[in-house]
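Below is a structure I'd like to ask you about.
By letter and in written order, the chains are A, B, C, D, E and F; residue numbering begins at 1 in each of them.
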Amino acid sequence: MTAELLRGHHGAHTHPGQPFYLPTGNEIEVFHAAARRGLPIMLKGPTGCGKTRLVEHMADRLGVPLYTVSCHEDMTAGDLLGRYVLTGGDTEWVDGPLTRAAREGGICYLDEVVEARQDATVAIHSLTDHRRQLSLERLGGQTIPAADGFTLVVSFNPGYQSVLKDLKMSTRQRMVAIELDYPPADLERAIVLREGGTEERLDDLLALAHALRRATDNGLAEVASTRTVVTASQLLAEGLPFDVAAHAAIALPLTDDPELARQLSTLIGSYS
Amino acid sequence: MTAELLRGHHGAHTHPGQPFYLPTGNEIEVFHAAARRGLPIMLKGPTGCGKTRLVEHMADRLGVPLYTVSCHEDMTAGDLLGRYVLTGGDTEWVDGPLTRAAREGGICYLDEVVEARQDATVAIHSLTDHRRQLSLERLGGQTIPAADGFTLVVSFNPGYQSVLKDLKMSTRQRMVAIELDYPPADLERAIVLREGGTEERLDDLLALAHALRRATDNGLAEVASTRTVVTASQLLAEGLPFDVAAHAAIALPLTDDPELARQLSTLIGSYS
Amino acid sequence: MTAELLRGHHGAHTHPGQPFYLPTGNEIEVFHAAARRGLPIMLKGPTGCGKTRLVEHMADRLGVPLYTVSCHEDMTAGDLLGRYVLTGGDTEWVDGPLTRAAREGGICYLDEVVEARQDATVAIHSLTDHRRQLSLERLGGQTIPAADGFTLVVSFNPGYQSVLKDLKMSTRQRMVAIELDYPPADLERAIVLREGGTEERLDDLLALAHALRRATDNGLAEVASTRTVVTASQLLAEGLPFDVAAHAAIALPLTDDPELARQLSTLIGSYS
Amino acid sequence: MTAELLRGHHGAHTHPGQPFYLPTGNEIEVFHAAARRGLPIMLKGPTGCGKTRLVEHMADRLGVPLYTVSCHEDMTAGDLLGRYVLTGGDTEWVDGPLTRAAREGGICYLDEVVEARQDATVAIHSLTDHRRQLSLERLGGQTIPAADGFTLVVSFNPGYQSVLKDLKMSTRQRMVAIELDYPPADLERAIVLREGGTEERLDDLLALAHALRRATDNGLAEVASTRTVVTASQLLAEGLPFDVAAHAAIALPLTDDPELARQLSTLIGSYS
Amino acid sequence: MTAELLRGHHGAHTHPGQPFYLPTGNEIEVFHAAARRGLPIMLKGPTGCGKTRLVEHMADRLGVPLYTVSCHEDMTAGDLLGRYVLTGGDTEWVDGPLTRAAREGGICYLDEVVEARQDATVAIHSLTDHRRQLSLERLGGQTIPAADGFTLVVSFNPGYQSVLKDLKMSTRQRMVAIELDYPPADLERAIVLREGGTEERLDDLLALAHALRRATDNGLAEVASTRTVVTASQLLAEGLPFDVAAHAAIALPLTDDPELARQLSTLIGSYS
Amino acid sequence: MTAELLRGHHGAHTHPGQPFYLPTGNEIEVFHAAARRGLPIMLKGPTGCGKTRLVEHMADRLGVPLYTVSCHEDMTAGDLLGRYVLTGGDTEWVDGPLTRAAREGGICYLDEVVEARQDATVAIHSLTDHRRQLSLERLGGQTIPAADGFTLVVSFNPGYQSVLKDLKMSTRQRMVAIELDYPPADLERAIVLREGGTEERLDDLLALAHALRRATDNGLAEVASTRTVVTASQLLAEGLPFDVAAHAAIALPLTDDPELARQLSTLIGSYS
């Protein structure tokens, strides 16, 4: 069944060379509809469930350049819009990734947008309503209309939200939201096989990940993502034993608590 | 009835090419009276109810340029007034949007003004009392009298106010206030039809929005704005099913809480 | 009686062209005495009671230039004293308003001084005791004696004071204090008539303002200032109905609370 | 008795042209002894009791230049030590007041030193122990030995101390401390007479000040300083009535509380 | 047995000139497997257990350059990525250690990564997933693919973690984790002998360290690391008595508490 | 006995011209041993007990240059390592004191190191383990090996430690620690006699200091240091009476509390 999955689920979205992405719902249709209308998109979902992959896949399908920005608490509007840079005694304006995407009709993807400072998130407002333009105050007030094809995508992990770190409602209500989660069992197997490159102990790894996700009251701050399962599989492919690979790629990244780590070891041992 | 509404409610304010705005009360008359006397205007109202639209409409009616500034917590007086910029080894003063509007007799619109830092809001004081002038300390103390037609407009969402983020009373009492809310049912239908471009499932969407607004104790931080209804209608026009469009444009932007999201899904389902 | 008031109350202080100010007590005499001795002056009083007007009036009477500074929490000593500015590849010192006033023997008026940062308020110390000089460290330690006629005036609203925002006792005890309040009824009528330019519904407006001021336990953070009454009168002069003008100029600026706003509407209605 | 006091108390310290200072204890002897040994001096005492006057007087007696710095929370080491300044395309080092005093053997007086940032107070350490030198890291690590006669003086008001704003013990134990207070009755009369220039109502003013100081549980944050009595006397000399002068110079600077202000008015009235 | 240990435990990993490291588990195998797959590595372990040594050893084995960065709370992305530096009137871009390692295929080792600011840790994201590239926004958006051999290694001490200072889950789940601890008795003896260079009182020192580690409820924030034992041995080699060396290298660094220090002295005395 | 003490205690460490230091334990031997092995040294001890003196003395004995840095909360890595300075239109790198000491094989002494910012203390890490090198990222990643003789010394006062201000364990465990305290009676007498220069009332001063140190529950934050006793003796040598000198040099620096000050006065009086 894996081959079939790889050839295309919900239609054939993957051609040779195209970034690999297996949809788990109607996310591709909603993304397409929003992009056609020039509406901004908000991706919600847990760590390592494939948000970045989806955006890469869509940029390729739509044939537009992709500008990815990992947001952080020291990021300012200048990091998105651009700034003057001193080069050889002269000053030169350098477009930021948001400005470049707006000019070229590309996708600007703000990963973990809630980490950014407010001036950075406010900078996107005029691009996300009927105006669809960018105003560069520092460039003499120049106004840049977004080119056709420009799409703004932001992502965040609802589990990380807090009163201090949240998108303002006036920002959220400008967006089309897509919710992602870890893929269902058959899809996840296909993904891990493709990325890890080995069937060795694959079903044991997946059973371990699913057991960890089922135990919601185990004291872990987060469950094992698809990404950690891929990593464990890669270590197996490098010849590490099952318990060493699962310990290094899944258990130790998930917790520093000695008692929890011991319970995870026992669980891993039961699959070894 | 929609056509009649589009042709003009409270008189014919919309001519071809003019930014579309349907008044819901006497906001246009009050705006006009304040602008004629050179009094600053404070717009109060919830997310996505049309504050920006009103200002764009009035700038067009009054035939003056509009400078819109999305305020944020890192915005300083220099962002409004102007600054020296290094270009080609030389320094040049570049007017900010407030200074440009004051010189040209335009409208300067400070969107979500309570987000701005205090030095930015204080910079407007001498423009908002009998002095009507701007003092540019950094430009050698030059004083700029506001040209005829200059009007300062600020907006904020009273639901976002807090002790930390509020306009000072001495700023508020300098202003003529206009309160806006979501438009009544017939007006909202006309707006969504015009913006969304399809009558498909339009009344179901509006009924859903009104149901959400009626349930004030549903745990949502905010109700569904007219803007979200327009977005849902646009997704319908792109061929998405009703429940997918309503989920992506209305439910998911409103909440990250799984339980609340499930209730919203049930509600959406009842209109599907 | 209004004409008589305008011609001069407590003596004829207003000649044609002079900024209009009607004294409500002995503030002009105390201001004069302090200015003659070179003592700094501290104006205390609520929002919109005429502090700025008094200073403008006195600058005109004394025949000295006036430098007004709206203080804010990002204001530094450099904003008052001056700074080096890069112009055309060269650096040039530009005096700040305090330095200019000290050199020319003018009035430097620091409006809402408690908002300023401490380095800004400390910068005035050597000007406010027997030394009467300014030391410009950044200008090579140059010392500037205050010219004859130099008077420092600061204002603040005691209702805004807090532990965090207060003048230090060592600053307060260097000053002659003047307390202002809203003018008595006959004076306020004369002021509003002159500024608003219409007698229409004038007494109703004033009765409304006085009713609002009497109700001290109405939940409002502040009472209606003379300034809001002037604004309402100006809107009336522009043809707005009484209730619309009073709502826009008095009720909506005073509160965002829906329940309080409704009570204010009822009160306004009783005068309509 | 006043004339005798002016001619010299504790010996004749005041000659024509010398800054006026009347000692209230052995402060001049201790200051002299510390200055002769090159020991730093810490002046403790309430607002307006004459700390600045004492330092000015001693600088004159010792025949050395005086550099006074009003400390504040934004003051950095660079403000004391010096910095590079861009002038005409070139950069030039400009000594700060501490460096100038160290080079010239003068007094550097840091007024309200606890307000300064820690890097500023730490900058004085090497000058205050057996090393008696200043290390200018930013000037290529240049070391400047303090010239003979250099004396560092700091002042603070113990009533303002808090956990956050205090001199570190390692700084305090490097210093010779002198405690000052308001002068006794006969000395204060001599001071006010000399500064105010009038005997009019002088004894009533002093009686009022003493009454205010006796009532230690009156709710006032601070008592009336000698400086406020001088100011009141100056207003009397300008022709203001007793109650107006005392209200403006003493009562209003001391409190913003309406109830306390009323009690002070009653007290003032009892001396009018 | 020491000689045998030095010649190689778990195989012969140490050749002449190679940085000395004695493995205590499968850390070298896991490190190798991760490095071959280009996966980032996270080292967890207490102070002074050999994390830095392991990385130096592996860089040598893999024959790649090593860039070590001690992280701290003022470190920004520019410290890792690079910045423009003004040299001789011209500006020149200087690669940071992360960029250098990515270009050259070396190891970039971020020691105590949880101390770094978020923008620094976020800067590594695109290097740690399938993209394996670095985007230098400040260098005109240039994208640098990581050369073969590039491996990112981060370390932290789980005992120092707190809510405020922790790696984000989305960062942790990108990594292969290796947990280190103090070496077992025979290995530690070999290490200390090699580093300290003397067998004198060596077993007493080790017995003392083990006694300290056993007493987990002794009030010490941390146990005696292998590093402190090496230091004590070095002081012994310099001729200091046992109790003086153990006090200076082990007891005094571990605590400032007088009571705890006395208990440690007694314990040290029992081995003297 | 004093002369003998001055000629050398624990051997003759003081030759003419050498900085005066009387050891109170084995601190000189431990310092020597650590310096010979290139190990960093941590001095712990109360205010004014002679930490700076010890370092000056050892630098002289070892014949190496000494760079002393008073640490403070605004100190950054650049203050220790060096920075680019603009001089005459050109930029020039200026080594900081740590870099200079590393290049020249001198002692770098960080006084009160816990006051420094973390990036400053982390900057020393690579100098304090087996690497013994300094990496100057801002100088193009240049690596500077520490010259022979380079010794890093840090000091702090354990009484000032707090959760916020403490050396990290990973820093502490890199160091050889030396604990200092006030010298025993005979040594302290010799020190004060040499520094103060007078035997007058010397034993009374010392008895007073010892009485203050014995009373550990007297409410004082700190006891009278040897430094304060020296200062009092210097004031006596200048002719001040015993109680005036002790009050100014010991009592007033120790407390601002009026009640405590009165108790200290009584105690001083009992020795007068």
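Going forward, a residue touches a chain if its C-beta (ideal position, glycine included) is under 8 Å from a C-beta of that chain, and two chains touch if they have at least 3 such contacts.
Heads up on the chains, UniProt names are A, B, C, D, E, F = CbbQ/NirQ/NorQ/GpvN family protein.
Just so we're clear, the structure is a prediction, and the values are computed from it rather than from any experiment.
Steps from subunit C to subunit D, minimised over paths through touching chains, total 1.
Subunit A and subunit B touch with mostly distinct residues; of the residue numbers seen at this interface, under half occur in both copies. Distance from the subunit A centre to the subunit D centre is 62 Å, each centre being the mean of its Cα atoms. Averaged Cα coordinates give subunit D a centre that lies 31 Å from the centre of subunit F.
The geometric centre of subunit B is 54 Å away from that of subunit E, both derived from CA atoms.
For subunit F, the set of residues that touch two or more other chains comprises 86, 89.
If each chain is drawn as a node and touching chains are joined, the picture is one closed loop, every chain linked to exactly two others. Chain order round the ring, anchored at subunit C and oriented towards subunit D, is C, D, F, E, A, B. Contacts from subunit A toward subunit E in the complex involve residues 47-48, 52, 67-68, 70-75, 79, 85-89, 94-97, 100, 111-112, 115, 157, 160, 195, 221-222, 224-225, 227-228, 231, 234-235, 237-240, 244, 248-249, 252-254, 256. By the touch criterion given at the top, residues 26, 29-30, 32-34, 36-37, 39, 42, 44, 76-77, 84, 86, 89-91, 117-119, 121-123, 125-126, 129-130, 135, 137-138, 140-141, 158, 161, 168-170, 172-179 of subunit F touch subunit E in their complex.
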